[in-house]
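One structure is given here, and the rest of the page talks about it.
Chain nomenclature is as follows: A, B, C and D, assigned in order of appearance, with residue numbering initiated at 1 for each chain independently.
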Amino acid sequence: MKRVGLLTSGGDCQALNAAMRGVVKSIVNASDQVEIYGFLEGYKGLIYGNYKMLQSSDFSGILTKGGTILGSSRTPFKLMREPDENGLDKVEAMKHNYYKLNLDCLVILGGNGTHKTANLLRTEGLNVVTLPKTIDNDLWGTDMTFGFQSAVNIATDAIDCIHTTAASHGRVFIVEVMGHKVGWLTLNAGIAGGADIILIPEIPYDIKKVVKAIETRHKRGSRFTILAVAEGAISKADAALSKKELKKKQEKNIYPSVSYQVAAEIQERSGLDVRVTVPGHTQRGGSPCPYDRVFASRLGSEAGKLIMKGEYGFMVGYKNREIVKVPLEDVAGKLKYVSPDATIIKEAKMLGISFGD
Amino acid sequence: MKRVGLLTSGGDCQALNAAMRGVVKSIVNASDQVEIYGFLEGYKGLIYGNYKMLQSSDFSGILTKGGTILGSSRTPFKLMREPDENGLDKVEAMKHNYYKLNLDCLVILGGNGTHKTANLLRTEGLNVVTLPKTIDNDLWGTDMTFGFQSAVNIATDAIDCIHTTAASHGRVFIVEVMGHKVGWLTLNAGIAGGADIILIPEIPYDIKKVVKAIETRHKRGSRFTILAVAEGAISKADAALSKKELKKKQEKNIYPSVSYQVAAEIQERSGLDVRVTVPGHTQRGGSPCPYDRVFASRLGSEAGKLIMKGEYGFMVGYKNREIVKVPLEDVAGKLKYVSPDATIIKEAKMLGISFGD
Amino acid sequence: MKRVGLLTSGGDCQALNAAMRGVVKSIVNASDQVEIYGFLEGYKGLIYGNYKMLQSSDFSGILTKGGTILGSSRTPFKLMREPDENGLDKVEAMKHNYYKLNLDCLVILGGNGTHKTANLLRTEGLNVVTLPKTIDNDLWGTDMTFGFQSAVNIATDAIDCIHTTAASHGRVFIVEVMGHKVGWLTLNAGIAGGADIILIPEIPYDIKKVVKAIETRHKRGSRFTILAVAEGAISKADAALSKKELKKKQEKNIYPSVSYQVAAEIQERSGLDVRVTVPGHTQRGGSPCPYDRVFASRLGSEAGKLIMKGEYGFMVGYKNREIVKVPLEDVAGKLKYVSPDATIIKEAKMLGISFGD
Amino acid sequence: MKRVGLLTSGGDCQALNAAMRGVVKSIVNASDQVEIYGFLEGYKGLIYGNYKMLQSSDFSGILTKGGTILGSSRTPFKLMREPDENGLDKVEAMKHNYYKLNLDCLVILGGNGTHKTANLLRTEGLNVVTLPKTIDNDLWGTDMTFGFQSAVNIATDAIDCIHTTAASHGRVFIVEVMGHKVGWLTLNAGIAGGADIILIPEIPYDIKKVVKAIETRHKRGSRFTILAVAEGAISKADAALSKKELKKKQEKNIYPSVSYQVAAEIQERSGLDVRVTVPGHTQRGGSPCPYDRVFASRLGSEAGKLIMKGEYGFMVGYKNREIVKVPLEDVAGKLKYVSPDATIIKEAKMLGISFGD
């Protein structure tokens, strides 16, 4: 008998359901005696003992479904309230529920923040296996996360749509792409969408160089310019500030996001008409693309294998085209950034893309 | 010999190229002697005599291409500068160029503002045929405009994507849909996307009723609510103001658009977490959907037929599933609104959709 | 209290679920006392009393789902076996189950064959409301059926994909489009996909004219030709045969479908390399397009209204952009064909499309 | 000054244009003195000296366009006719044109057959750089080829569409997937589409086991089964035959493709209704997916770098997430098969997928 807890935490993304289906199908195919406990709304469900028993059939037909059938919560773990009723702190409450249900292990699907808590639970003695879920692809220890490629597709669709309008009206357009503090999503969607300028957090931009790149294009006869700007993009000036100074400056910021600021600066310096589009949360939603479905299914299947073997304390990741297990302590608390010297950046520059640096 | 001028004016949309292809193919198939003059960037091209000669082959392969191969301009006609060099005013300049090129007629593709100018040119004696282009579907005299169905698809895609995230996180989500001063686009995308609440300009909303609709849903066990909000949506209070008062009030408005204001009000009154997504200009772009390709091709083809017969002064429209010709003077300056008593509104209400009224 | 039976019959298509959701939502919003009986696999479920009770919540989230949650059956009614156990014939068995469950009415979603049986049940005294479901758009009494526009989209996608290959390789390509005995689907997908030649059942083709159209294109410098061929397309020679002669001829036919025959004839007469693509059942599947979702929701909503008013014996249809009720006896047994003289055919010809006639 | 010849050979696929754009953009950005010669319709263009001079602007806007702006030819090199006019054999003719135009190098985009000829030209002393183009992903020396992921998407779409119909009607459906002699495409589309049974050339199938897998599903309550069958799938019996015996047997084969044979066998053995769908050439067409656009752009950019450095005789490939150069002699004449023991096969089996072995 295997008693397996499942939970999805952090911002939702595509292929969460595909990954859970993979885990459950592979365990059920390997063992007749399985009980699946699905904790609702992420760690909250584990803290408050809020779960439902799931059958194999609950995972049929969800391969193509976006979101998560368990619900999730974006409340950071440290801000979650303590459970009131029993005086335990959050971690104790989670351990209490884990042992009360006599679980063999927890399968936790999440991103960066989620992995910190998962590792904490591991150090507290719980058996944990995790899966790398995030559209940001910023998790340490894996070349790829599921959700990423689907989000690239949606962001690229947005750039494609904007392309026809930009070309027809001879304007400067900014498409703001998600990605939290890293530039993977913007970089890939930008190249795929044929963006002329890409601004990512890892390569702070000089607004003068951005404007110059636009003006050079227009001088050469291009009627329009498209910028893919990461939600975490930052100017050279701001990147040089201390954390404290930056925070102070941002508090006075009147723009809803960095794209609007870049737009205002370009407009002021060049006199050109600049428009901003923010596809926002659409980038997390909808049916996962085939790449993510295969990838998440494979990771899920390997997580099932680890569980059957009783190997715990790992994230199932992807390295050099192989599925690998990565110790949780190596993953927790680290971000995987785009290196400004990465081959893909050099290639993008050879294609004529400016990074404003 | 037919000498035909073509121009696209106003915001671009899908199927402009398909429509022009239809016009040109049908003329070329009917006559060996055709000269096509494509004026660049809307009326500007006609004012400044900025055009290029086009061949039939220039229209090959553009059926599926978004935007317009002629470029467009959103500058309202009344704000366009007079041509400097020859002292003529704008209208005289257009007439001058029309006669200089010895044109038989002008085919003008555009929306509401465009039709006003087109009708002006007609009264000045030019031969004009127009085609109803707008994602807003707000043109008088036609049941449908091309671009509309493609824009519905994109806005619906956005709502679909948001659905999975909303369901996973148990939040209130607003998707802001284009449509200028009318609600067609929001209404259709809202129903298609399964929105719970739809706010359109024609039915001013009462924020208390909006909040109540949300709370009723949550009481019945729904974890989330999705609102499709037209960019032109307006509250009952604001709708009751005089134009002057409203303008004054809007000048003090701190929100980038109505959706953000609605979001703030819901959040304040209900305490729920509300997120806004603005697909924006993506709704005008990308490849036209098959419906629009067929529709625009048919309209274009009929425009060609009118030109061969020398019948001018009409918009080619669509009424009761028939292609019809509508006198330009009947179209100019009028908007086609959603009636608050329309059957589709009643049907939407029977489906449980709230309009906040 | 309303007791409503639901069944979907015939080939499945997109928006069946959306339509049923519309029916149920509108009844549930109008009355607190509703019981929904979903008969499984079409008329079979009614004959054998095979049903499940459905809740309003069973219809949540199915707006965007293809197929039918009730299952369907393509077995023609006349070929369905009599129920063995009780000696009743099929019709008596259906009446027996209808009265046993004390139903107020049956909502039947289906196409042509389905409507014949629905009308039979009406004449037998059952309360019946029907909804026009078919990708073929061949139902009499309604301008549009749901499923049609979604199928147009899929067939057009196929033609779009083939376009790039055809253009790259300089070949003749045939895309075989569904549509049963009528040409609506092929005609619309053909125009939308930019097909050069369209063959539909209503306009029998002359293979010599087809080949000539191809050769004329190639002489004018086109490297490729794309044909959209309806699965029911027929040559002039075959159309002139008696039913008996035709059947005899078809029995000897070695081609899996008409497209392969057309391909062989073109290849033989022109020496050109011809390829056939058959998207087949994909045209019935996948998520309904926004147009169909809105349309099916509206029809379902109106069906609910009829039920609340106790008006039975109608198909809910669409005429001149209005939702209408059409007496079942007017619908049953009739097909809605494309007229060879229809405006859309003339327009298509003006665009340069050949129908091989 | 760099004089660069470009040609695309073999079946077309998505992202050929993106790759060529990458090559040209990176050379043009590195050097002011570039002449681009585009040979038309593959090696034919080089043999007959049929080319056009291309400007940088010819490569603008083609990132998202399927097919190849140069045209291609699927005639195997060994079957191409000798050029008549000058008595040279094909290889001499190609060298003649290469030297006549004073080319620095040839960039050849193609698959397996293309690479054999490219390597032949290298041994004849021409400077050659190649790019791995094929939806089959069967090229030796690279983990990935462009076109593959786009084709996976289209094949998966087809399976998705079929899913709703299969589920509604309780049938067995076969989707025949391309891939030539290897199973990559079918394997990935099959997993992504949630196929229950996957048949690929590398794992010959036993029809009894296929039927058993279907019957086991149906016993467990599934109403339908979906098979993804590679166009190159082969039964155990046929795989055991000698090449000669197999050829003889295939000559008598009455089925248009292996899927129809599998369908007939399942139908005969199980009595179940089996339907076949063949998306065919649609799998090669349409706009490349974002993954392929980025991938092809990167490969093209690196090819440009090799050309600027004068490094010839390589295919630009992808190994362990790095862009690499692979000597042409290592690539030519080898196929990259799916290993029956590959991790992905084991994972698929853990998910419950049967390979009929």
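Going forward, a contact is a pair of C-beta atoms (placed from the backbone, for glycine too) under 8 Å apart; a residue touches a chain by one contact, two chains touch by 3 or more.
Computed from a predicted model, the values in this text were never measured in an experiment.
We define each chain's centre as the mean of its Cα atoms; on that basis chain C and chain D are separated by 35 Å.
As a whole-number value, the distance joining the C-alpha centres of chain A and chain D reads 31 Å.
Each chain gets one centre point, the mean of its Cα atoms, and the points for chain A and chain C are 42 Å apart. Shown for chain C are the residues in touch with two or more other chains, namely 160. Chain contacts here close into one cycle, and each chain has exactly two touching partners. All chain pairs in contact, by the document's touch criterion: A-B, A-D, B-C, C-D.
Within the complex formed with chain A, the residues of chain D that make contact are 22, 25-26, 29-30, 63-64, 143, 149, 152-153, 156, 160, 188-189, 191-194, 289-291, 293-294, 297-298, 301-302, 304-305, 320-323, 343-344, 347-348, 350-352. Of all residues in chain B, only 8, 11-12, 14, 16, 41, 65-68, 71-74, 154, 157-158, 160-165, 167-170, 173, 223, 256, 275-286 touch chain A in the complex they form.
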